[in-house]
Amino acid sequence: MAWNSNLRWRLPLTCLLLQVAMVVLFGVFARYDLDADAHWRTEKQRRNVSSDLENEFYYRYPSFQDVHVMVFVGFGFLMTFLQRYGFSAVGFNFLLAAFGIQWALLMQGWFHHLEDKYIVLGVENLINADFCVASVCVAFGAVLGKVSPVQLLIMTLFQVTLFSVNEFILLNLLEVKDAGGSMTIHTFGAYFGLTVTRILYRPNLEQTKERQSSVYHSDLFAMIGTLFLWMYWPSFNSAISYHGDSQHRAAINTYCSLAACVLTSVAMSSALHKKGKLDMVHIQNATLAGGVAVGTAAEMMLMPYGALIVGFFCGIISTLGFVYLTVRPPSLHKVLQTTCYVLRPPCCRWGG
Amino acid sequence: MAWNSNLRWRLPLTCLLLQVAMVVLFGVFARYDLDADAHWRTEKQRRNVSSDLENEFYYRYPSFQDVHVMVFVGFGFLMTFLQRYGFSAVGFNFLLAAFGIQWALLMQGWFHHLEDKYIVLGVENLINADFCVASVCVAFGAVLGKVSPVQLLIMTLFQVTLFSVNEFILLNLLEVKDAGGSMTIHTFGAYFGLTVTRILYRPNLEQTKERQSSVYHSDLFAMIGTLFLWMYWPSFNSAISYHGDSQHRAAINTYCSLAACVLTSVAMSSALHKKGKLDMVHIQNATLAGGVAVGTAAEMMLMPYGALIVGFFCGIISTLGFVYLTVRPPSLHKVLQTTCYVLRPPCCRWGG
Amino acid sequence: MAWNSNLRWRLPLTCLLLQVAMVVLFGVFARYDLDADAHWRTEKQRRNVSSDLENEFYYRYPSFQDVHVMVFVGFGFLMTFLQRYGFSAVGFNFLLAAFGIQWALLMQGWFHHLEDKYIVLGVENLINADFCVASVCVAFGAVLGKVSPVQLLIMTLFQVTLFSVNEFILLNLLEVKDAGGSMTIHTFGAYFGLTVTRILYRPNLEQTKERQSSVYHSDLFAMIGTLFLWMYWPSFNSAISYHGDSQHRAAINTYCSLAACVLTSVAMSSALHKKGKLDMVHIQNATLAGGVAVGTAAEMMLMPYGALIVGFFCGIISTLGFVYLTVRPPSLHKVLQTTCYVLRPPCCRWGG
């Protein structure tokens, strides 16, 4: 039986095929980082480090778990605000992220260990893989309800690959200074999602517009996603900063920027509404812009007021963009809404 | 156009004004703590500290994130149990907390650095700001559905100010020994909320009583809030304890008190119901009393059984209070219910 | 009034009785571990340890909080997928876990301190108590909707006792090497739940079958449980591993196994559905099998591909089991479904 001829077998075979490929590639290429290897203890004695705490695990693991929650609960539930897709949003996000992190570990590993025999995996790699997948989640937000799981898996395969190539070119070849988040990588994630939506765009999709209305309970579920993204963003921006003061400063800056962003988002959302009411979709999305925007510079000596200023303008611009780019003529509606959505949220970064 | 004459512009202008004020005040007064400053590395060498881990960040950051979740998800969703206000509860809680943490950083900072030129911010300040905002969240629970966002922002402004003044008088001037939570500060938060409700109390509000009924899904959302508050309370009570055994002990004591409180709350809730059934509102609220009550003494050598005894009586008293103070004559109904609610949950503390 | 004659007083009296017993037993037997005791600072100086960070608290507390979330939010909400029982699921799970952790602290403590006067409690004990309660939560999943709160408390009392006895016999008497999770302990948890269901099984319960249908919002709530279990499983498997590389490796192995498991679960769920659709109940449950299966060996040098292979087969076997063991003749339906459910999820382990 040809698998293409029978739609029913596509998803199972794609999943199994991809997973078998992962097993083989991990078998050939992936080993443990020294900090996760049984030889670490010997090495530690050799280097005369006295404490078990001097393992990368204790510097990064709490932040890793926060980022992990952002990818799976944060992005998953953020998208439940579209009533009809609530369920697919969480489920498909789970599927693509589970595949994406495996493929990102390999792709990012290859580019980072070009001349080594093996990729070595530690907690920092897990964080970077989650970052890369976050950019896929953003693009997923743009295509939600328009694609099948198989298409999503293929999109993930391509996006993670291009993400890693782009990252390698910028950081290693062009030697762009890209401390923390990096606008370039954020923008990459955004434009990838936009491009996919353009390709998939068909006029008759307008007919399904009413499916995008949000309802009470869906909004509360979406708030779960929003809040976990908002609360854990300081971990996102500080997860792979240098040890010590850099990690500390990145967390404080992000905290300040996010707080300022909430107030200006609320202000703009209310000002732009005819009756001065708040639109929950603005709040759910614009409040996160502060985290994205401060990402690039989070570990710099911005000063708390610098971070507040970033958040201040982010909340305004993001809400303005959301409102004015989405009320234009219907034929452009979907694409622009997508752009707007995509240009807002977070992506990914590669540090260390 | 005079902004007072036009209701519509009140919220946007209040938000923008407050946020601009925050930016200016942070610009004039706030700088990084040494542990979050780029000079930390030099200072570390001078002090001959060998490890990057000796940064306050690694002692406190995981607890900070837990407290952050309690303030935004915990308190936000706890209040969704009022069916009609579910959405406002989460959204307004988000708004007031985002403003409150900024203002608390300043107010608490000024009182702590009376003779310094600058306030210096580190992870401990972020935790203390979250504590202060938690007391505002409690008062918010008392006025939910009765106030506009603008009123909430003004209430936050006043409460955070008074909180900091009260804290300064008690801890610095009267030199009250107030390890950990402190009954005095808890009580402050409670009575503030009560006072606001008294001021806002109007008899015709009784008519909206049916809006306070809870429904199935609202209750499940409220359980999300309850559980995150309950689970992370050990982090709340240990977040700013002294390093080492004090932090460890505070977490264990709170864990024990909370566990005991669940059983006695269930016992009382069932005993006080005509048919022996459980009232979910009791469970959602009384179970948290154990965390509040043990707060003051959490880092003392209470012994595990001491903590259990605290939780034991808390569950009983809190449920009794909830039941007997809320079935009295209608005219007193609202105020008493508020008292009861307010006297129960948590507040804030200032340690270190 | 005889308490047996009046059903209404059963629950309050059981709760109060159990809690009083806990207070007395903790008073007689439980004290703080040295790391949580005020004498720790002296002891530290004697041992010439320079840093406060060398307290077990900083090694284990973030993992403890993750495990705590798994037990209360993870298991609680996982079971809301049964529409009618959503509320009882979360509430009763809360009650039994709050009692279970106290009793587990005592039982596990007695077996670990057979010749000492006191049980000493530290963060590692709290984690082990959560592990033990997780096995009760699994069994609870099997009896949900068939038992009263009083029966649940009694079941918890027995299961925690037997769990600790079983653990003692295997680890201390038979000296079974049981690094990490341990299949034996997992299996214990599973068969206990199965046995209870057999005892409680009555044919007429089939009539209530329609109550087990799941609905849209219940499924979204259940996904909250699933995702928190899935995301925090690396913490579960690494929480009580040896310091340093073991803990690091256990987290990486679990992460890999879980990711692989998602893809093969989706593949099998879709392949076994007549129209190739996904069954959310499979995804919600089978994806967790990867965490259980890798538990025993999580801190061994499995290599990342080894962990992927474990997850690969787990996803397949678990979904197959779920489908083929639940469509048999109605009389066996409940028991088998239970087995299947019970044999899947996680349990408990005892390390260190």
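Going in written order, the chains are labelled A, B and C, and every chain counts its residues from 1.
What we mean here is this: contacts are C-beta pairs under 8 Å (C-beta built on N, C-alpha and C of every residue); 3 or more make two chains touch, one makes a residue touch a chain.
Each chain and its UniProt protein: A, B, C = Ammonium transporter Rh type C.
The shown structure was predicted, so the numbers you read here are calculated from the model rather than taken from an experiment.
Between chain A and chain B the CA-based rotation angle works out to 120°, given as a multiple of 5.
Of all residue numbers seen at the chain B-chain C contact, under half occur in both copies; the interface is built from largely non-matching residues.
If you average the Cα atoms of chain B and of chain C, the two centres end up 30 Å apart. Shared interface positions of chain C, defined as residues touching 2 or more other chains, are 51, 53, 58, 62, 217, 224.
By the touch criterion given at the top, residues 7-13, 15-16, 18-20, 22-24, 26-27, 30-33, 35-38, 40-41, 44, 51-53, 55-58, 61-62, 65, 68-69, 72-73, 76, 80, 86-87, 90-91, 94-95, 98-99, 101-102, 121-123, 126, 149, 217, 221, 224 of chain A touch chain C in their complex.
By the touch rule above, chain B contacts chain C in their complex via residues 51, 53-54, 58-59, 62-63, 66, 216-217, 219-220, 223-224, 227-228, 230-232, 234-235, 243-245, 247-249, 251-252, 255-256, 258-260, 262-264, 266-268, 270-271, 275-276, 278, 280, 283, 287, 301, 303-305, 308-309, 312.
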